[in-house]
Amino acid sequence: MALSTFTSFADVDHLDNWVELAKKIKDNPFQFQDWGRNKTLGLIFLNPSLRTRLSTQKAALNLGMQVMVMNMNQDGWAIEMEDGTVMNAGTQEHIKEAAGVISQYCDIIGIRTFPGLKDRGEDYAENIMNKFLAHATVPVVSLESATRHPLQSFADVLTIEETKNKSKPKVVLSWAPHPRALPQAVSNSFVEWMIGARANLVITNPEGWDLSKNFTRDTPVLHNQEEALQGADFVYTKNWSSFENYGAIATGKENWMITKAKLSHTNEAKFMHCLPVRRNVVVADEVLDSPASLVLEQANNRTFAAQTVLLKMLGYEG
Amino acid sequence: MALSTFTSFADVDHLDNWVELAKKIKDNPFQFQDWGRNKTLGLIFLNPSLRTRLSTQKAALNLGMQVMVMNMNQDGWAIEMEDGTVMNAGTQEHIKEAAGVISQYCDIIGIRTFPGLKDRGEDYAENIMNKFLAHATVPVVSLESATRHPLQSFADVLTIEETKNKSKPKVVLSWAPHPRALPQAVSNSFVEWMIGARANLVITNPEGWDLSKNFTRDTPVLHNQEEALQGADFVYTKNWSSFENYGAIATGKENWMITKAKLSHTNEAKFMHCLPVRRNVVVADEVLDSPASLVLEQANNRTFAAQTVLLKMLGYEG
Amino acid sequence: MALSTFTSFADVDHLDNWVELAKKIKDNPFQFQDWGRNKTLGLIFLNPSLRTRLSTQKAALNLGMQVMVMNMNQDGWAIEMEDGTVMNAGTQEHIKEAAGVISQYCDIIGIRTFPGLKDRGEDYAENIMNKFLAHATVPVVSLESATRHPLQSFADVLTIEETKNKSKPKVVLSWAPHPRALPQAVSNSFVEWMIGARANLVITNPEGWDLSKNFTRDTPVLHNQEEALQGADFVYTKNWSSFENYGAIATGKENWMITKAKLSHTNEAKFMHCLPVRRNVVVADEVLDSPASLVLEQANNRTFAAQTVLLKMLGYEG
């Protein structure tokens, strides 16, 4: 049966098979073009995007699909998310109609929506994504939602699988400083997929910046970065704003930036980040510009992760 | 001879044939792909669009065409509409050059432009559309202009034709409340096409909100909504700002909203709206979410209406 | 060997051959579609664009390529250009990552970036273009940079070649008034290509508005427009802000506008401009609307200039 939804790791049946298919696609990205003929992917952006925008388009084109891109807020109408509202103020179109209508024109829909980072309950309820899912009548792929970014995580898993030189490498997710409040989505999702992949994962972040227990479960969370980095094979760095004190920005934590000196505690670890990255805030130039950095290969693998998901949504079961 | 312009009902030679062709296309949307090979549709938006943007793209792709989309005001230059102006202020490019240049790159051009709703004479002269037509050298299709939205009306006719269970159903165009000043374009155009289709049309709106007599001609216009709705088979609801007191918004008319109670006066009428729609202002959730609502099918039919027009512009005469 | 960069005239090996190929493509734009199969062009706009946006898309589609368009500032992230910066302020992504990542998804990248017109050294160092080139790993075509617009110039050369009725016509580049500070890019580039084509070029502009000597070399620069226009076969008009008093706008020079009376000094000169053009500021309606105007053909030739460059980047050597 064709994959109908891709919004979290829970939508993956057998990760190993998915990774194998992604590698097969990467070997020859154009081998499945018959699957996409006369099929249209609609990409709906409620927020900015570079990698997701281009890699998902490219993935669809590689499959022979057509793509239509829509920046909802600048090209279309302000969307109402609440049910039962008397819509006599700013919003112009209800998500029920938006999702239902876009489903008329697309065979698969991708949608990106960021959290507000004001109301934790609302963000973690994934209101926008869930309402879109409820009213769409075609398969929907998350291009990042309030609390997850599964296409990124799938590309990250693929990158680690391609690069690792031992069967069970140590992977450290290391919190980074940042001047603005960022979502927890990439980090939540990375943790979810690493647990799914039965990786040897350790998380390190300052006190007060622990991710939700619903995501981290029994993963070790260390507040001492140096200790966490010991013997790491992969260091995945990412900022997130506080989950506990929801949306709070950490100050005075500049020393959490990843430097060459810090990587000296590791097992010649590879450096990973989802991008965009603030240089010399999140990570020093000396690391990002070194051969240890996998960031461009992560970006490259976004195409093949997306292509795998789209191909499964088109009904491929190989 | 290939259709060269589609901006109003006057461009339709035989409506029955057009409806038949649209149904044929809907049966198999991909059967005419040879017609669009190496042909490019340019979609020029001076205003926001969701349905028109996606359905017209989809229509072109179904025909094997290429599509280029341009949001004129954010992607390009501020356009001068007046002839003879000394362009030493805000505008950067004259519509003469814009239309002439875009014609170099496209085989068919679609353009959307909303009215200002300040100067009735200017809006009803269709200055922007007419200047664009005058300087374009390829076929032009209206994606909604100051006073008409013919692709919407064609889809509406198609929807009624597919749904009706008697040869001449009663169709009521019922004005709706709305917090902002909206164009009369959808309503003018619907009336024009319904008259063209020799439908049994009745219009109902508050006093002071009568549409232009040039559009309504001898169609009954009732200021009593309940009376108008009696025995209706289709209720098409839409707000428009005043034509008489040009651009005025009606206040205190909340009771013109379509509810289940109001539809009880009808012949189990189907509910229609062009979307986007403000829920619980224009129409109650209970109606929009009921099986009586045709709004998604109207949206779906936008593709086949556009595809029919494009196919005729590509020279198909079957 | 495939063309790897197209940012200035220096990237052209044999101009005559390029012009011949462009004419051949114009004769039948679809004859090279096998070259573009499964190849993707990414168009990255840091600034507005109409002609370049549509003609370069059309060129790629004519070649069978796929196209992805990205308006960097509105769709993506604010880009950091400086090396070594601590990115803790407004910028979100470094051009190193942007160029490297986009290279993962595209076979050829086009990029447009305007000068700031504040700091001459910075603009003329072509910082943004050069940094993009340094970090891109696929061929890059300039869609206009701080100091050059080579696709425009190539189309201009093609237009003159098609139109001239003597082997070495007199071409006059005539400065024009304008209310805003414009780049020197189109003019610099036109001069560069005209010198490359060994044309009989004369430049005329007010004192204080001479272009850089690095571009004009030994081309005659007259401050008397009437004298310069004597016997001209082509009058190419364009405003540019001052190079000497960098970015300065000229005031009180309204009489530099091209009028019919001024063209009476010429050899029935053809009128050229790259567009967009401010009517009755840069050029009078009577000239732009006359048969002497080549502006639409220049715009048309943008497609074939771009198609020639892209075809060479795809490896065609015929």
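Couple of notes before you dig in:
Letters A, B and C mark the chains as written, and numbering starts fresh at 1 in each.
We take it that a residue touches a chain if its C-beta (ideal position, glycine included) is under 8 Å from a C-beta of that chain, and two chains touch if they have at least 3 such contacts.
None of the values given here were measured: they were computed from a predicted structure.
Put simply, subunit A has to spin 120° for its C-alpha atoms to lie on subunit C, with the angle rounded to a multiple of 5.
In this structure subunit B contacts its sequence twin subunit C using mostly different residue numbers, the overlap staying below half. Averaging Cα coordinates per chain places subunit B and subunit C 39 Å apart. Along subunit B, residues 74 each make contact with two or more other chains.
Listed in rising order, the residues of subunit B touching subunit A in the complex are 30, 45, 48-51, 53-55, 57-58, 61-62, 71, 74, 179, 275-281, 285, 288-289, 295-296, 299-300, 302-303. Contact residues of subunit A toward subunit B in the complex are 38, 40, 42, 66, 68, 70, 72, 74-77, 80, 83-89, 91-94, 96-98, 100-102, 104-106.
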